[in-house]
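Take a look at the structures listed below.
Note that subunit A is present in both complexes that follow, paired respectively with subunit B and with subunit C.
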Partner chain A sequence: MMLVPCPNCGPRNSSDLRYVGESHSRPNPNTATPEEWRTYLYMEDNPAGPLKETWYCRSGCRQYFTAVRNTSTNEFENHPLPGAKIGSVDPSFHYVSESKSVEGNQ
Partner chain B sequence: MTAFKHLLSTSPLASARESASSALGSLKPGSGSKPPRYSAAGLFVKGAKSQDWPRVWREVDLQKSYDVIIIGGGVHGLATAYYLATNHGITNVAVLDKAYLGSGGSGRNTAIVRSNYLTPEGVAFYDRSLSLYNTMSTDLNLNVMFSERGHMTLAHTDGALRTMRWRAEVNKLQDINSSVIDADEVKKLAPSLDTSPNTRYPILGALYHPPGGTIRHDAVVWGYARGADHRGVEMHQKTEVYDILCEGGSGPDGKGPGGKVTGVRTNRGDISAPIVVNCTAGWATTISDMAGVKLPITTHPLQAAVTEPVKVFLPTVVVSGSLHVYVSQTDRGELVFGASVDPYATYSMKGSLEFTEELAGHVLELMPNIGRMRLLRQWAGLCDMTPDYSPIMGFTPVDGFLCDVGWGTYGFKAGPVSGEQMAEAIATKATPKLIEPFKLSRFATGQLVGEKGAAAVGH
Partner chain C sequence: MSDFASSVTKTYPEAADAALTLTDVSATAKTLIRADITAAAAQDLGVAFGASRVVDGTLVAATRPTEWVVLGPEPQVAAYVAAVSDAGHVSKVDFTHGRALFRITGADAAKVLEKVCSIDWADNMMPDGAVVSASLAKVTCDIIRNDVGDARSYFIMSDRSSGQYLFDAILDAGDEFNMGVAP
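Moving on, here comes the complex of A and B:
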């Protein structure tokens, strides 16, 4: 289980949300070349570390929000406290949603 | 983490091999055409005569340079090394793995093989792999326990049935044994399935593929490792690649398009090589980033689980797309379950309760009679998912840097053909026809090879 910090609903089980994916800025569809558009569609950073990503709070507030998660540990960075608006994040808050072991049960 | 070759070398199998090898003369790299055979009689004689059980492959010092460096000691890396040596005589090759051989997906998969894919490109490719699997035990002189038990993909909706008809037609055109059967035939093949019309998702029919089945995945890894070692290839475990050394590229440190590879930096020092092959599956983008090559890949965990062993009752592999589950019974009698990948990208290999709960619920919809069976274990592996569920193979914009990645949830069955084709690409410096459709540039040109309809339920 992984807890995802929704800025409106607070930490919720990841199965309550939909993972949308990496947050990439979209090129202007009117001016982008097919190649630029396909890069936007397909290319990913997929870092083993901090990743800026989008979640949709499907079973809660039904809002989209952005969060930064370390993909090796599944810890969310600077996640907003329940009720806080996006942008008013307490930087000292560090929510640990899963223990640090990365390698699983090798 | 124990190096599993140690486990193998203390196993009866290895003992038998050893005695056979002493009967056949010493095991020198490059000697003879195949690694020696194992036999029960050999095991007995060897066991009676000596307590010395040498390891199955050599542990040698890391050199300063090689002709080819392969990153990743899974089935893909090892098969590439084996065919480089066997088919092309290129033996100055090192396979590097940050952990132990087979520690990635190759030692974690559910061992299902099949060739009933959806695109003509996919079908031709996976069919070649199946034929290599068919002769693997004799080619490698190691029993890989290929069980050609048949493979059945259930359809619970009209849409699924339509995709299956489509797949069956594509398959038949390429001479693959694959056809759509109705619910009564499903019941005959696997009587434990609930085929009544009163279930939540009634079984309407299935795509039946008799040549599909299972193979012992560890044996495949060990077989290729032993075969490659026999030809002089070196395998270095606990050797992690930190960086790829490049020159002349458009990015920082000479990396990126237009540049070329000069070697790798590892926890055991720098090694130079004109050719570096990325066979790291779930870690693929971390390696390609080191060369300045961007890939359309995200890493997701795939979980699997196994029950206690019971008397054999399930003769085929059963897959259900609508229920996101597949199941097969091992020769020992355990049920092995798999599902779709976890819904978010991560490099963490932790299992989750959601997976077990969902899996159990779905399995019981298919087979209500196994409600009392107990799960023994669950585990996860990392899968390198591509947008079209097809792999990314061959040359990249960085000269000398090749990729054999994007194996998602379906790469075990592709190990042999990938190794064969990648070896040919390296030896001939040209992309073989069979893997041409899987080149990286297809994403820029929009020529995707869509296999989602045949590969979304991971196996």
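Moving on, here comes the complex of A and C:
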């Protein structure tokens, strides 16, 4: 299992995410030459080492994010934002357990 | 919701007194609210991504960074949602009929979930009130920890089309823990 550090959800199994691809700057469509546009769309660097990638957290927060992965070791060099993991939310927002059973209409 | 029909259509032997139970509570009213986190609605909802709270007889859960689900009896949900500000980019959709909702309750509930989902269910990662969206038995679900008294309990919400499959998958995972179906 490969853990991918989603900045919103925390470390997640890679099967919960979709690999979008290498992260490149999009050229200006008004000024880019066909060669530049083709390179942007189809050519990849594919280095053996750190690579800036885009991932989509499809089962979690449904957000796109950028991560740097070492393609030789599958280790991620960036980590989730501090305080972004599940359960580290403001305690004042937490559910108060005195009043329960909201399901109705049964 | 008198015309509501659950996606779980099979019948099961009831075991309300089992130590670990699974209940189909799909008839619970559910409203989805989407809003920018800077909108007044986000302030009204008052709960950040990954958490939930009970307010005015409803359970408000932040299931995505810009998405909330309000659960509860229909009148309370309708009243609460109506009071949430409409200013800015806000949408409110009653999707009661579009989602299946189950409750799993018992000390072994987390052990069942960890068989079918890769989330860390430890108390420090998933305390009472925490909300997570994840793949559960290969179905994308919103899961809300909502303990009942001292008993560990989770709401599990999925698309209606996966409801029957998911119910059976959870029951299958809970078989070794003597899980029963509660009414």
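The criterion applied here is as follows: the second predicted complex is superposed on the first by the 80 of 106 C-alpha atoms of A that agree within 3 Å, B and C clash if a C-alpha of one lies under 4 Å from a C-alpha of the other, contacts with A are read in each partner's own complex, and residues count from 1 in each chain.
Following the convention adopted for this analysis, a residue touches a chain if its C-beta (ideal position, glycine included) is under 8 Å from a C-beta of that chain, and two chains touch if they have at least 3 such contacts.
This structure is a prediction, so every number in the text was calculated from the model and none was measured.
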>> I'd like to know which partner A:G60 touches here: subunit B for first, subunit C for second, both or neither.
In response: second
> Looking at the overlay, does A:P34 come into contact with subunit B only (first), subunit C only (second), both, or neither?
Replying inline: first
> Is A:M43 contacted by the first partner subunit B, the second partner subunit C, both or neither?
Replying inline: first
>> One more residue to check, A:M1. First (subunit B), second (subunit C), both or neither?
In response: both
>> Touch test for A:S15: subunit B only (first), subunit C only (second), both, or neither?
In response: both
> Touching A:L51 in the superposition: subunit B (first), subunit C (second), both, neither?
Replying inline: first
> Touching subunit B and also subunit C: which subunit A residues?
Replying inline: 1, 13, 15, 101-106
> Which positions of subunit B touch subunit A when the two form their complex?
Replying inline: 1, 99, 103, 283, 285-286, 294-299, 343-354, 379-380, 387, 443-444, 446
>> Help me check something: in the complex, which residues belonging to subunit C touch subunit A?
In response: 1, 4, 25, 27-29, 46-54, 57-59, 64-65, 71-74, 76, 101, 103, 118-119, 124-135, 140, 146-149
> Can you name the residues of subunit A that touch subunit B in the complex?
Replying inline: 1-2, 13-15, 18-19, 21-22, 34-35, 38-39, 41-48, 51, 53, 71-74, 98, 101-106
>> Applying the document's contact rule, which stretches of subunit A touch subunit C when the two form their complex?
In response: 1, 8-9, 12-13, 15-16, 58-63, 85-90, 93-97, 99-106
